[in-house]
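Got some structures for you, see below.
Each of the next two complexes has chain A plus one more chain, namely chain B in the first and chain C in the second.
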Partner chain A sequence: MKLNIEGLLVYFPYDYIYPEQYSYMLELKRTLDAKGHGVLEMPSGTGKTISLLSLIVAYQRAFPLDVTKLIYCSRTVPEIEKVVEELRKLMEFYAKETGERNNFLALALSSRKNLCIHPEVSSLRFGKEVDGKCHSLTASYIRAQRHVNPNQPVCRFYEEFDAVGRQVPLPAGIYNLDDLKDFGRRKGWCPYYLARYAILHANIVVYSYHYLLDPKIADLVSKELAKKSVVVFDEAHNIDNVCIDSMSVNITRRTLDRCQNNVDTLQNTIQKIKETDAAKLREEYRRLVEGLKEANVARETDIYLSNPVLPDEILKEAVPGTIRTAEHFVGFLRRFLEYLKSRLRVHHVVQESAPQFLKDIFDKVCIDRKPLRFCAERLQSLLRTLEIADIADFSAVTLISNFATLVSTYSQGFTIIIEPFEDRTPTIANPVLHFSCMDPSIAIKPVFQRFQSVIITSGTLSPLDIYPRILDFRPVTMASFTMTLARTCLCPLIVGRGNDQVALSSKFETREDFAVIRNYGNLLLEMSAVVPDGIVAFFTSYVYMENIVASWYEQGILENIQRNKLIFIETQDAAETSMALEKYQEACENGRGAILLSVARGKVSEGIDFVHHFGRAVIMFGVPYVYTQSRILKARLEYLRDQFQIRENDFLTFDAMRHAAQCVGRAIRGKTDYGLMIFADKRYARADKRGKLPRWIQEHINDGSLNLTVDETVQLSKHFLRQMAQPFRQEDQLGLSLLTLEQLESEEMLQKITQIAHQT
Partner chain B sequence: MDDQGCPRCKTTKYRNPSLKLMVNVCGHTLCENCVEMLFVRGSGNCVQCDTPLRKSNFRVQLFEDPTVDKEVEIRKKVLKIYNKRDFDFPSLREYNDYLEQVEDIVFNLTNNIDVENTKLRMEQYQRENRDIIQKNKAKLTREQEELEELLLLEQQGNEQRRLEALQEEQRQLQAKKKNKQALLDELEQSQLPATILLAQHKVRAAQLETQIEQQKQAVKPTNLFSTGIQMRQTVSLQPVPRIEEVLYHYKPLQVETYGPRVPELEQLGRLGTHGDSSTTGDLSWTQPSSETGELS
Partner chain C sequence: MDEEPERAKRWEGGYERTWEVLKEDESGSLKATVEEILYQSKRKRVIESHGQVRLGMMRHLFVVIDCSRSMEDQDLKPNRLTSTLKLMEAFIDGYFDQNPISQVGIITTKNKRAEKLTDLAGNPKKHIAMLKKAVDTVCVGEPSLYNSLKLAIQTLKHMPGHTSREILIILSSLTTCDPANIYEMTKTLKSLNVRVSIIGLSAEVRVCTVLTRETGGSYHVILDESHFKELLMLHVKPPPTSSSSECSLIRMGFPQHTIGSLADQDAKPAFSMSHLDSSSGPSLGGYFCPQCHSNYTELPVECKVCGLTLVSAPHLARSFHHLFPLDAFIESPVEEHQRNGFCQACQGELKDKSIFTCPSCRSVFCVECDLFIHDSLHCCPSCIHSQTAS
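Up next, the complex of A and B:
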């Protein structure tokens, strides 16, 4: 259908539209008009992706000079593929409606592991190996050597691409990863480099978060993306953690040992080169004296995305004299390494700030702050000069040099924690130096600064105002959309008590309480008798789950449950879990019914959807707080309190509730779907917890379902399930939660739609 | 560091956890016992390189690699003499050259290259620059100053937070005490029955409790983003208002092209393609791909 969104003609590839989709597009359009950033929450299963795509594509067509590119960031490869498929549908619709083939280029980008077509390289199992092998075949000096020595192996796909592919632009169309591979095979070009090259002039790029947020990767891939782009982070409820992870460094004893080897290799290589090809080192030296001016010019003229590891002042200055020659630099690395080793030899936990660390390092090994700051850049230059083929080998020393640069650049927002052993095993020495980032805004800042519009969207972003605060940006729109429903297909229930009136809670004091565990068991048992097909149960941690399941086994609860349904368990092992999932689905499929016991924050809770009969009920046992005793978390909480005025409790609750919402949201993946959401902890009834659930869930919690016993829960569930089991046709939805074009354009509906978006 | 040991008596850290390794100016290790034994007279030669050493110069080995210990020792000595700061130089380039020179000296001394000449050079430098060395002795480099400042700030912040917490606690204690005292007074003087008074007290105590709880949670509100924008400012959803006043008047650039007429920008923008696509190309969809070369 063709929509008119405030004067913008939008092609929407379906015959019907949900009212919230229309509202979502309205908000999105306003954000783009204002050229600002936005935070939008819309329930999963209401067609977020297609609304985003159709509006932004329409916007691109209408104002090709204002918005040149859409960068769509998602989390996993299957999600990326899904987006591309939606896009393909949209483009087919365009072709059908307008009758002309438009020259629209959209493509997905993933790692070499997913894109390589070289017969030997692609058969390697791990991403790192593939990257290393690829680099050893395609690095520029390897290829230069081939001119001298024709036996030197190179990648023929890359050669072909380099010779021909660069001149010929990728023909317009929609490419997912397989399409790229096919195209590469047909032409004999390397799909990975082809894709990386093509994203510069593509209209839509779909890739993973890390290509923008991780400074190391972003520097390679996304540096030159146009400023007038719209960036979308989908499923962004965890974006702060991604940012933090990308800037944090953990150094163990093993890293240092590997680093020692790296430094030795560097020294040997330098020695060798000095004897054979001293001119090369002199050339590098000359360049360093001149400074890193090239990159600086590029950044100033807005060609490059800035990189938080490469701060601005470095680009303006030349490398300090202390680390200018290769030997001195290696000596410098050696000293730094020895210093880190001596720090890791502590017997008690140390926590210090970056300035303290810098002062100590100066006192101990006379290393100034300035050369430390240049460390990462200097190492890159050295590795390039020495023509080291297998970069993967040097990951340890690269890590250390990144750490050096970060610690000397940022005096705030980071903390250094040295733990001599893990908390659980105080007798086994396993020293770790955590250099942990506490401020997610550092990593994401360049993205907000560079790109004209950044949209953060997900099914669960409540409370909305916390994201702008912790990411430190100013959105022009913040909106939360609810689901319009023809029937209330979700039923959130808060179970606070067992049948014997024992308060249900996973709080620390009652962890081991048999009464609580028994009542949890009872709840699951009763539900397994009432709910058809699949039930998914989430626990707060693996340890807690193990304890409870063991105790259920002893009490004979498991046996009783198994009369009703089969039980599957998620474990930390990925292969085991995927096996369990497969069997779970099989059991749901053939009518036997199954229960999946899994863990909040685990794999299942984040990526796997339980549509229709795969998840008729989700039970959340306890509130999934993070492990609050971790020092890294404590430091972060303190930082949040001091810098952003976010209270510890607020943040912890926010974090727990977003994970709880993620878990229970797994069951409802669309409007025809239905499911029970059972929160089994009395703490959910409190206003501060409840208020942090997404609005589309909150709406359906009424006062009657706040502090139920197990029996009452069963009664309510029975009632709900019987209602939902009645036949439900599309006609029932029409006009209420599903609209045709005429219905959409009626005055009354437009009125209603304006109320859907909940501004905060 | 378990596998490290004394080269002379072959004791290792593993066998003797209290083993203390020492290192002298030549960068060779000896354990404490061996040092005691070999250097009873206060001086002697290194077992490995025969350098004459003094017992008093033995230091506890800090690092796994004894050469690093040696280098740090030498470096500290050199830096005492070569202590020019960046503001002593007219340009950054010269300062960097100077730093490299220092680094060269340290490198030579550590690796025993051309030791005599280097030492001579150092002495000469010391003689020539006596004033500056004296003057800079007490000065810190600018970066160190910055560091000190940061540390100071951090300390002050911590101290203040601690004090605030302490005061807060004190205030709460006092409030509680006062409340208790009030109850006692009332019990003594009031005509009401004790049960009612106790109930009243209970309510008051609960109120106090919640009040304290609230105070604890109420952190100083900052309502500024780092960009300087008010936090709870109502954000209007209207497109950014256009500034009405006439500031700048754009005059289209007139260029004589001596060729076919260039299509209007407007036309290009709206329609995407222009009729004669072979010459003008598609400006909007495919940007001219410049030769960017290898990315990695």
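Up next, the complex of A and C:
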């Protein structure tokens, strides 16, 4: 289908289009026209990805000078693959319609683990191992040694790529991870380095958030991407947490012990080298005097452990004298380490800001701010000089040096919290130093500054205005789109009371209340009798789930439920959970029916879709507030209040509701799908909670379904499920929620479409 | 939004919030809309006819009735089981009325097992009697689709290839307890050309969707009791056969009914073969098999002695009409029709909004007669009339 979006010719690879897709493209085009940033919320399953791709590709073709590149960030490898497949469909459509092969290059990039084709290296199981092994085969000094010693093993794929690969550009086309691997095998080139090299001139790059947000990786991979790029963050409802995680450092006693070993190793190696090849160290010293600028020009494979965001001026400066020689630096590290150890020997919680920490370290062990800032750079230089091949072992000392650099670079937006024990186990000493980032805008700021348009999009971004505030940017468009439906295929119900009129709530005071637990059990039992196939139930936390399930077991509720459906439970163990998930799906498939008990914010609630029969109902037991006693959270809330004028309660509710929306949104993955969304907590009925749900859910909650009893819920569910089971064909959707080109172009429809987008 | 909580209260089921549809006309009267609703409900069952399609006229149908715990649910009155059995009686009647040379058998499933209530047979009375008895069954445990299907297949696979093999499942439960993989069973069913249709009483279950899609049957879920009846009655009409089913000639006997009187010397009292087990005594008259002269009191029946299918000509004729369905009459508003205001069939005045015109003889009928003609008569009376007249 060829569309005309405000004068832009857009090729859309399907015969039908949803009205909201059209509306979405309109808003997107306006954002691109304005060369600004945008926040767009559109329900999952309404074809967000293809709308984005079609419009941006069309835009790239129409204005090749304005938009040179699309950087599409997604969260998981399967999602990345899905995007590439959509893109392939789009390109095939282009080829068919225009009849010419366009020279479009699009590729996916992932970690070495997913791209390596070296027989030995790729057989390793963990990403870290693969990275380390790869580095030991491809580092520049290893390859230099090969000239001397031909027995030195190197990676032949990398050698081949290095010899020829750079001169020959990757042929135009669409490459997902497997395509890259195939191409690599055919040519004998390393797919990982090929991809990393190719993203510089590719039209579309699809990769993970971290390549852009995590400063350690971003510096390496995304440094040279053109300014005139459009960056899209898909499924971006958690983007603030990703930003924060990428900047935070946690140090435990174990880290320090491992770090101690690292330092010892360094010391020994230095000693050895001094005896054999003192010139090398002198050479390094000379280089450091000249400044880091030159060190930065080292070859790409060496920049393996890159620095966190360093202000540019540091690179121009010379490394301070106190840490210039290798021995001094190791000594410096030792002192720093001892200091950290002494800090971890605390009996009560300590919270301080970065300047306080710096002052204390200066007072106690006379470490200045300046050498700390260079710590990360200096360590890398040393590791390079010492030619340590197996770099994976040095993660602990790298972490510490990164921490040193961060703490001395940023005085704002970070906090240091030292806890002598975990909250769950107050008797066991397990000291942790949290260097916690409180301001997500620090990590994402370079992205907003650098690129022309950044689009943040997801199925659940409500309330929209909070994202620009916490990420500190000014969007030109903020819009939320509803789902046009030919039949009401989602049924949100808020259950506020049990049959005995006990108010249902997971709030702290009634958390242990026997009556509430029993009524929750009753709700699940009754629902298990009326909902076919799969039910997914979410609890607010693992602890809460364990309590409730144990209590249900004692009351015999579990046994009764099992007469209707099988029960599976998500645990913190990933292998166990994926096993449970597999069995759950099998039970849904063969008619036995199953219930999956899982946890909001867990693995299931984020990444796994329950299409059609795998999730006919989602029950959300309680409001998934984050654990509010955590000091990190408290510090962050305080920071939000002081810096961004966001009240604690607003943020907590926002955070709880976005997770609740994520959970219930798992059930509906398209317009032919249908599902019940049951919010089992009376607090959902309050306007401040309800108002923070995405609009496409909110508009289906009517006043009648705000405070239901279990019985009423069952009756409504029964009715809804029967309605939905009636035959539903594509023709029923046509003209309402699915449009042909002619229908789209009618005046009346265009009128309607303007109402879909809800500007804030 | 059409999801009002009030709507699903059980005492309101079937009413479909009629008050919202009601609108007052200019004079403030509701009469017009009420009539409209009644009229619509009458028209609902207009059957779209297939035309020139091969139909499975000789049907072998197993009805599987779920007797699991969930059948005690009271959303159908007085409970699901009683309501189902009641409707089944009507179904059996209708089935034999429309498919006189077909057979039906009933299977119940509960407690993970399946049992045969009645074997495949062509006698509605026996089935209905068994259904009446079954009202008292205790509903326990879970149903087993696999076991029921297996039981049905055991009989169906021996049925000749020219007959249609069907299974109709009335499933109330949302789970099934199967001893083996049901998808293997689906393959078997497919290879045997067995068509499985399901009527769900509660909600859409994935395994049923797959089962019916694979075997070419239909899957419906009821909304309320009247919808249930409607769905059940859809299965009364013979389904189109798949092209793979074979054709063959069938021997049939057309026995004459003889009325023996005691005065007739030739008359010998004989036991009806089909009622040997029952207590009824010997009778003088009845239908005598043209091949072996065994006595039967009613038709159609398969002769127990020589295996000949015994039918009467009207039976065959009744089955026949499915092959040549009567064309749907053309509906038009009454205003367009000026000639005379009387229905050709009942001679009543045409009071409804629409009239129906037979496409071949252009006669005009009212709604009631249109329904009667299409549901029961299967031929246009005025066409027949003109044929005999000429």
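The working rule: the second predicted complex is superposed on the first by the 742 of 760 C-alpha atoms of A that agree within 3 Å, B and C clash if a C-alpha of one lies under 4 Å from a C-alpha of the other, contacts with A are read in each partner's own complex, and residues count from 1 in each chain.
Keep this in mind: a residue touches a chain if its C-beta (ideal position, glycine included) is under 8 Å from a C-beta of that chain, and two chains touch if they have at least 3 such contacts.
Since the model is a prediction, treat every value here as computed from it, not as a measurement.
J.: In the superposed model on chain A, is it clash or fit for chain B and chain C?
T.: fit
J.: State whether A:518 touches chain B only (first), chain C only (second), both chains, or neither.
T.: The answer is neither, since A:518 touches no partner chain.
J.: Contact-wise, after the overlay, does A:253 reach chain B, chain C, both or neither (first, second, both, neither)?
T.: neither
J.: Which partner does A:507 reach: the first (chain B), the second (chain C), both, or neither?
T.: neither
J.: Applying the document's definition of touch, where does A:588 land relative to chain B and chain C: first, second, both, or neither?
T.: A:588: touches chain C, not chain B.
J.: On chain A, which partner touches more residues: chain B or chain C?
T.: For chain A, the partner with the higher number of touched residues is B.
J.: Can A:216 be said to touch chain B (first), chain C (second), both, or neither?
T.: In the superposition, A:216 touches no partner, neither chain B nor chain C.
J.: Where does A:752 make contact in the superposed view: on chain B (first), on chain C (second), on both, or on neither?
T.: In the superposition, A:752 contacts neither chain B nor chain C.
J.: If you've got the overlay open, could you tell me the nearest Cα approach between chain B and chain C in whole angstrom?
T.: Least C-alpha distance: 32 Å.
J.: What residues on chain A touch chain C, complex-wise?
T.: Answer in residue numbers: 488, 491, 529-533, 563-565, 588-593, 612-613, 616, 700, 702, 704-705, 708, 712, 715-716, 718-727.
J.: Show which residues of chain A lie in contact with chain B when the two form their complex.
T.: It is residues 27, 30, 33-35, 61, 63-65, 68, 102-105, 135, 139-140, 166, 169, 172, 193, 196-197, 200-201, 203, 220-221, 224, 226, 289, 317-322, 324-325, 327-328, 331, 334-335, 338-339, 341-342, 345, 353, 355-356, 358-359, 362, 364-366, 368-370, 411, 468-469, 472-478, 641-642, 645, 647, 649, 759 of chain A that touch chain B.
J.: Would you mind writing out the residues of chain B in touch with chain A in their complex?
T.: Chain B residues touching chain A: 1, 62-65, 68, 71-72, 75-76, 79, 92-93, 95-104, 107, 110, 141, 143-144, 146-148, 150-151, 154, 157, 161, 217, 219-222, 225-227, 229, 231, 235, 237-240, 265, 269, 272, 282-287, 289, 291-292, 294-296.
J.: Could you list, by residue number, the parts of chain C that touch chain A in their complex?
T.: These residues of chain C touch chain A: 1-10, 69-70, 75, 142, 145, 174-178, 181-183, 200, 202-209, 220-223.
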